[in-house]
Every structure is written in structure tokens, then in C-alpha cells.
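Which chain is which? They are A, B and C, in the order written, and residues in each are numbered from 1.
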Amino acid sequence: MFKIFKYSFFDLIRSRWTYIYAGFYFLFTLGMLMLSSDLSKVVISSMNVVLILCPLIATMFGVMYYYNSREFTELLLSQPIKRTSIFTGQFLGLATSLSVSLLVGAGIPFLMFGVFGSDQAGNFLVLLFNGVVLSFIFAAISFFIALKNEDKIKGFGLAILVWLLLAVVYDGLLLLGLSWFRDYPLEKASLIASVLNPIDLSRVMLLLKLDISALMSLTGAVYRKFLGSGVGMAISVAVLLIWTIIPTLGIRRVCLRRDF
Amino acid sequence: MKNNILIAALLFAAFPLLSNTLVVCPDCPVNTIAKGIALANPCDTVLVQSGTYYENNIEINKDLTLIGEGMPVVDGKEQGEIFTVENKYFYIEGFRIQNVGRSYVEDRAGIRIRKSTQFTIRNNEFDEAFFAIYLQNSSKGLIEGNHISAHSLEEANSGNAIHAWYCSYLEIANNVVKGNRDGIYLEFVDNSLIHNNLSQDNIRYGLHFMFSDDDSYYDNEFVDNGAGVAVMYSKNIVMQRNVFRDNWGAASYGLLLKDIFDSEIFHNRFNQNTVGIFMETSNRLKIQQNEFSENGWAVKMSGGNQTNILSKNNFLHNTFNLSVHSAGTDNVFSSNYWSDYAGYDLDKDGVGDVPHRPMKLFSYVVSSTPEAMVLLRSLFIDLLNFSEKVSPIFTPENVIDETPLMTPLPVFGKV
Amino acid sequence: MIEITGLHKSFGKNHVLKGVELSLVPPGLIAILGPNGSGKTTLIKSILGMVIPDRGEIEVDGASIKKAWEYRRQISYLPQIARFPENIRVRELIAMVKDLRGETEMDVSLISYFGLQPFLDKKLGNLSGGTRQKVNLVLCFMYDCPIVILDEPTAGLDPVSLVRLKKLIKTKREEGKLILITTHVMDLVEELAEEVVYLLEGNIHFRGTVAELKEKYQGRNVEESIAALLQKDGPFSLGAVASNGHAKVPETLLEN
């Protein structure tokens, strides 16, 4: 598996798209840092971008990479290599290269501006952690979808649909639900709802770190209590892990049944 | 008003010259403050030299000047009030007053003044003095240069640093008040000036007006309090050049206005407060040339606000610039600078050609469904705000700045 | 050795293999024949574990191949359509396979054997069909495995390369290996194959030596025999046409 990982990783890390992706983060973060001396504001702006881009780009790269590397995959399949190793290795290579793009692209400017000497070091690390986790989750989901669908167009469409559901539609429904049932106490319900969606969970983790909880009055207190507690943090990290593990297991399961 | 206080101050300063001085020190024949006060004649000065005096319930009923030399310490050993003054004239300077002791049943004070018409409390230090300075039915007092600290944790068993009840013509200046319940509490206090104070880390309000009229506070700094300043049931209050910052927490405000009328809020700075100004049933306020930066909400208007003017302010990078609960009032929002204004100025007159709607849809959503705040900074909300901006449907029609400025106004507040 | 029992495989409604039974024991050179779409490649990919059977059992060297992968070390495989990552060079591809599968020295001699030196630094996407097939051959033969499976090995090769390939296959046979070939080139069967396995309608329709095939269907050569086989039992037989209710096949086609 490690060798497959290595090939996928180096194949991707040399690709033009990876440079563009990392370059975008680099320029964006650098630009923000030069415009604003306040690190915490740059962390917030970067958060907005990371929460949208990481899942979206991971989704698109995931599908594209799967379909573009089918030849390589077929070659590997006839070799004495375990099937699960091939696909897990490719997925890990993909997710790692995406994460490296993020870490390098967004990380270097922050390091240049001395984030570790500031009080934003913790928030910065939480931001990168969430970006990496989201990259893994959405790379896994899209890789899984591509593996299940031989038809490129269909696979691409489905993957984007899933992204759209989690990134936009989910929040729309949540908002509808909240305003629909606004006469009931909704703190717990909204907490559960946002913990279940990885994008929302990452966003809320970051928002609370950046101390926006104050804006959320009662709800904020509930969230803060939950995410501030050891158990709450453990649950959140567990949810993110589950979101990563389930599609990864899906990849392993589906790849064992597919014909090539 | 200011002149009166000046004259009073001159008079106080003149008195000691006509009197005798009585010295108190730990090794002197007169070795307690209480003894010194008992021995002193009216108009005398009691000079207390440095040392620690474990005394409390010292009552003063004659015209006296108390001077501490080398910051003598008066320690109440948590057993009760320290100075209780009930007299027309009183002057105290240079004492350190500590350990009054907290109480749930009585409002013990470090220095209590009743029915005085000429008094000065100057350059004293208070530590854990419960109600450090407690003024009742008094007027023409100067409270200046005092440093009052406590380490209060809950409202119920903590006191206010400077507490005034039914007073007038007070001047409260250059004090530092930290860690109390309210930094400065004024109830039925009229015609008074509060300036150049620093009020910080108080668990309720930095400065609190109740039923107080015709007062003015300026050049103060309110940092990291439960709420910076609360002005309630009052009118004709002038608020100028104050800094409200870091009043950050679930129920925190820079400035809380409730049932206040005909007041001016000019040249203040509101920075990083959960809510810069929260106002409720407040009428005819002029809010002008203030700077609101990086607050959760810059201005949050609850119900029943009428005929207020919000103009020529700078709104810089607040999460929400404005939240107006109910529409249909005749509040005016004009000629402000909004950092999120995306319009243009083709005729180059410094005024944007497109009106600005400072209330975003999400702000409207959150005011009706507070839980929706969990969606802050989500892609869905960004899309929602954008579509509302393109074609407004939900946000109140009359919350609009017809003449938004293209560049920020110069800042007037104290830096 | 390879032991296949009751092998079924459908792709959707297309029931390609309907209970194939096949036992192959080394040494031997077996040609797997059948019309287009008869399931030759499917059968081969099943042996390699690339196609997962619906039912049935495949054993290689006595062990089931289900969920196994180590057994592929025993197999050299030449895929029918050589699909390679387009963006890498021939040299890199060979190095990559060596890195994945293990060290070997045979690639050097094979490269010169098929005259591939000039192409080593070309990207695979830019190669001609025949050259790609040669790369395919190098990757297949560079490991010395007891089982060799060749799916249409001659596709796109020029006569010189063809001769070399045949020579190579013969040497492998002489080394005592088990070799499976699918092809539509009957001369190749005639020249190389000891046995013929004929797939038709999802089953093994015929299995026997080349001589047996000729004798059973009375052809002068393999080609004629296969034609006869198809005429008798295949989709073009009189029975098949009648039962399908298709229009009559022209008489001229049926002659011979």
C-alpha cells in the first residue's frame, strides 16, 4: 500500500492542478496578511475560504483522479498487489497531496508572519486540522462515488451533488427547521444537527475558537459547554473520524466487488 | 455646573489653613484613627502617618480633614464598615482602605458619606472594600484619583466601587475601578460629571445610570466589563469621547440604553464588544461621529426606539453592523461609512450613488431565530445575504442609508 | 495449474459465462478461442481476479483465488488492450512495475529483443499502437512465471515482431510453462497451440487437441474446422437461424 500511496502522492504533487491549488491558498493568505495586521481576522477569512474550498476541491480532485488514473489502476490490478491496498493507497495519496497543498499554501504565509509567536497559534492549528480532515472526508466520499459509477459524468454529478448537499442544502434545511420550530428550545437540536455535518462541525469548532460564541448568547453557551468539554471535543473529533472512516471502508468494500 | 464644582474645590482647599493638625501614628500617644477623630475639634486636620490601623466603624460627625501620610493602611479585618461620615463637610486623602468584608445583608462601605454638601475623596486606594465609596443624599462632592480594586466573582455578594444615591453635582474623575460589581453606580444622581476614569473587569457594568438626568460622562475607558455602560430610565445624558472595548461575552454590551431620552452620543469608540450599542425604548438620541469596529453587532435596536439619529459614524468590520428588531419607526440612518458598502461614486462627491442597506438578511433571521447564529459564516448564509442584497425582500424597507460615505470619517474619540 | 468449476458471470443482463468448467495442467500451450464477445477476456480476467465471478470457484495451484493476491506472482499477464498512464515515459513505467513487483534483469534483454530502446524516453500517450503492444509484452515477459496468460498478443505487431513473439512463446513452452493464449489468428493456433478451448454461448463448446478439432469438424486446417463448428452449432447455424425466426441466411454463406 505504501508504494501505491507513494506513486499516487508524487504523481499528484507534481501535477499542475496541485500547484494551482496550493498557489491559490498561498496568494490568498499572503494577500490577507499583508492587508491586515490582525492575525485573528486573517484566520477568520481563511476559515471562510478553507471551509468552502477544501470540500469542493477534494470532491472534484477525487472524482477526476479516479477516472484519470484508471489505466494505472488496471495495470496495478493485474500485479500481485492486494486490491484494497491499491485503492486505499490511491485515496491516501490523493488526500495527502490535497492536505499538503493546504498546509504549504496557507501555512507558509502564516509562518512568515510569525503565527507561532502570537495568540492565534491555536486557532491556526485548528484551522489547518479542520482543513485537512475535510480534505480527507470529501476525497474519500468522491473517490467512493467514482468507484461505484463507471460513467464519468454520472460519477462527477453525484459527487458534486453530495458536496452541495453537505455544504449548502443541509444548512438551508437546518435554517428552515430552526425557524419552523422556533417556539421550542432548539439549542440541543441545532447542536446535534451541526455536529453531524462535517462542514458545519468544522465551522462551529472554529467559530467557537475564535470566540464568536458570545454572539450566540444562549445557544453559544450550550455549544461552548459541549465543545469546551473533553467529552464534547472527543465526540466532535470522533464524528470527523467517522466521516472519514465510513467512506474509506466503503472504498475498500466496493473495490472488492468491482470488475475491471 | 462645572463652575460650582470648581468653587467648591477652592473652598475645600482653603479650610485646612484655618485649623489645627492632630497627628496619629502607631507609636504616638494617639495611636488609632478613631481616637484622633474623637480628640479633634471641628475644622481640624487629622494627620495619619504610615502604618497599619485595624479599625472599623469610625464615625465622623464634624467638619474634618483626614490626611494620610505615606499611605497608612486601614484594615477592617472583614468586620464592618470603616468610615461613616454624616456631616456637611469632609475631606479625605491618601489612605489605603481594605478588607471591609462582604455581606449579603448590609451594604458596608469603605467610606460612607451621608448628607454632605462639600466633600472630597482623593487619591485613596481601596482593596476588597465591598462598596468602596458610598454616597447618599449628598451633593457637590469630588471623587478623584482613587484606585479601587476587588476580585468579585458573583453579583450577589459584591459591591459597587463608587455608589451614589440621591446625589447631585458630583465630579468623579481620574479614578481606576476594577473587579467590582458596578464600577460606578448612579441612582437618582443629577447634574454630575464623570470623566477620565478607567473602569475595567467589573462583573456587571462599568458605569451604571438609573433614574439620573442631566449628567455627562466623557473621556472614560470601559474595558472588559459585563457591559461597559448602562444608561437606564434617564434623560439628557451626554456621552462623549469614551472608549468601550472588549466588553465581550454572552450578555455583554459596550453601551446599554434602556428608556433614555434626549441624549447625545458623540465621538466614542466601540471596539470588539459583543454589541456596541444596544438600545430599547429610547427616543430622540443623537448617535454621531462614533467609530464601531469589530463588534459582533455594532448597533442593535430592540423594540420601541423612535426618532433617533444615527449619522456620520464609521462602521468597520463588524459581524453585523445593524440589527433592527421592529421596523416602522422614524429612526434616521444617514451619511455613515460602512466598510462593507459595495457601491460606487461616479460623481466623486464622496457619497455613494447607491443607497446602502446596513441590515443583512441573516441579521434579520437571527433576530427572530437566535439559534440560527450557528450558521454564521456558512456558504448558505453567504448566498442568502447575497441574493437579498440583489433583490431585497425581507429586510426592513426604511433601514437604509441613502447617503453612504465612500471613505471613513476622521476619528474623534480618545485613542 | 488452474482449476475452474461452475464459473458464472453476468454483466447486468448479459450472461457471459454460464458455468464454465476448465482444468489446465502445466506444461501446455492452450488457445482459448471463441467469437467476439464470447467471454474469453472475461474468463482470463476472472483467473486474474480482475473480474469477480458471480458463482463458481477458481483455484490456482490448489488454492482458491477468492480475496487472494499473492498467487498473481505466478502469472505473467498480457492485457488485451494495453492501457497505460499517458503521461509517463516508457522507462518510468518499467521502473515503476519493477518497484511494485520486484527486481528483474530481463527487461533489458526484452527491450532490445523488441527494439524498444529508441522509445524509452517517450511518453506512453505518444506511442503507436504496435509500440505500445511491445511495451505491454516487455512488462508481461520480464517476470519468469510458471503461468503465462496472453490476451491477443499479436494485435498490431509487424511481421518481424510477430516472428520474435512466436519464438519467445515457444521458448516459454519449452521451459515447461502453462501458457494461455486468446487470439483470432488461426495460423497462430495452428503453429503454436497444443490444445484448443472453444467458448461459445457462455460455455466450453469444444476442448481438445488441434488434431482432434480438425478431425471432429473435418477441416483441412483450424480455420476451416472452426468455420464448420460455427456452421453446425454457432449463431450462423441453420437451427439457430430458424429458432430465432430471423430472415434466411443467404445460401452462399451457408455453402462449404
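Basically, a residue touches a chain if its C-beta (ideal position, glycine included) is under 8 Å from a C-beta of that chain, and two chains touch if they have at least 3 such contacts.
No experiment lies behind these values; they were computed from the predicted model shown.
Judged by the touch criterion defined above, the protein chains link up one after another in an open path, with no loop closing it.
For chain B, the chain whose average C-alpha position is most distant is C.
Each chain gets a centre from its C-alpha atoms; the one nearest the centre of all protein C-alpha atoms is A. Per-chain Cα centroids separate chain A from chain C by 44 Å.
Rounded to whole angstrom units, the spacing between the C-alpha centres of chain B and chain C is 91. The geometric centre of chain A is 46 Å away from that of chain B, both derived from CA atoms. With touch defined as above, chain A holds no residue shared between interfaces to two or more other chains. Multi-chain contact residues of chain C (touching two or more other chains): none found.
Remark: chain A residues 3-4, 7, 11, 69-72, 74-83, 256-260 touch chain C in the complex.
Partner chain A is touched in their complex by these residues of chain C: 11, 45, 48-52, 67, 69-73, 77, 79, 83-86, 96-97, 99-101, 139.
Those residues of chain A lying in contact with chain B across their complex are 41, 44, 47-48, 51-52, 167-169, 171-172, 174-175, 178-179, 182, 186-187, 190-191, 194, 199-200, 203-204, 207, 211-221, 223.
Residue ranges on chain B touching chain A, taken from their complex, read 248-252, 274, 294, 296-297, 317, 319, 365, 368-383.
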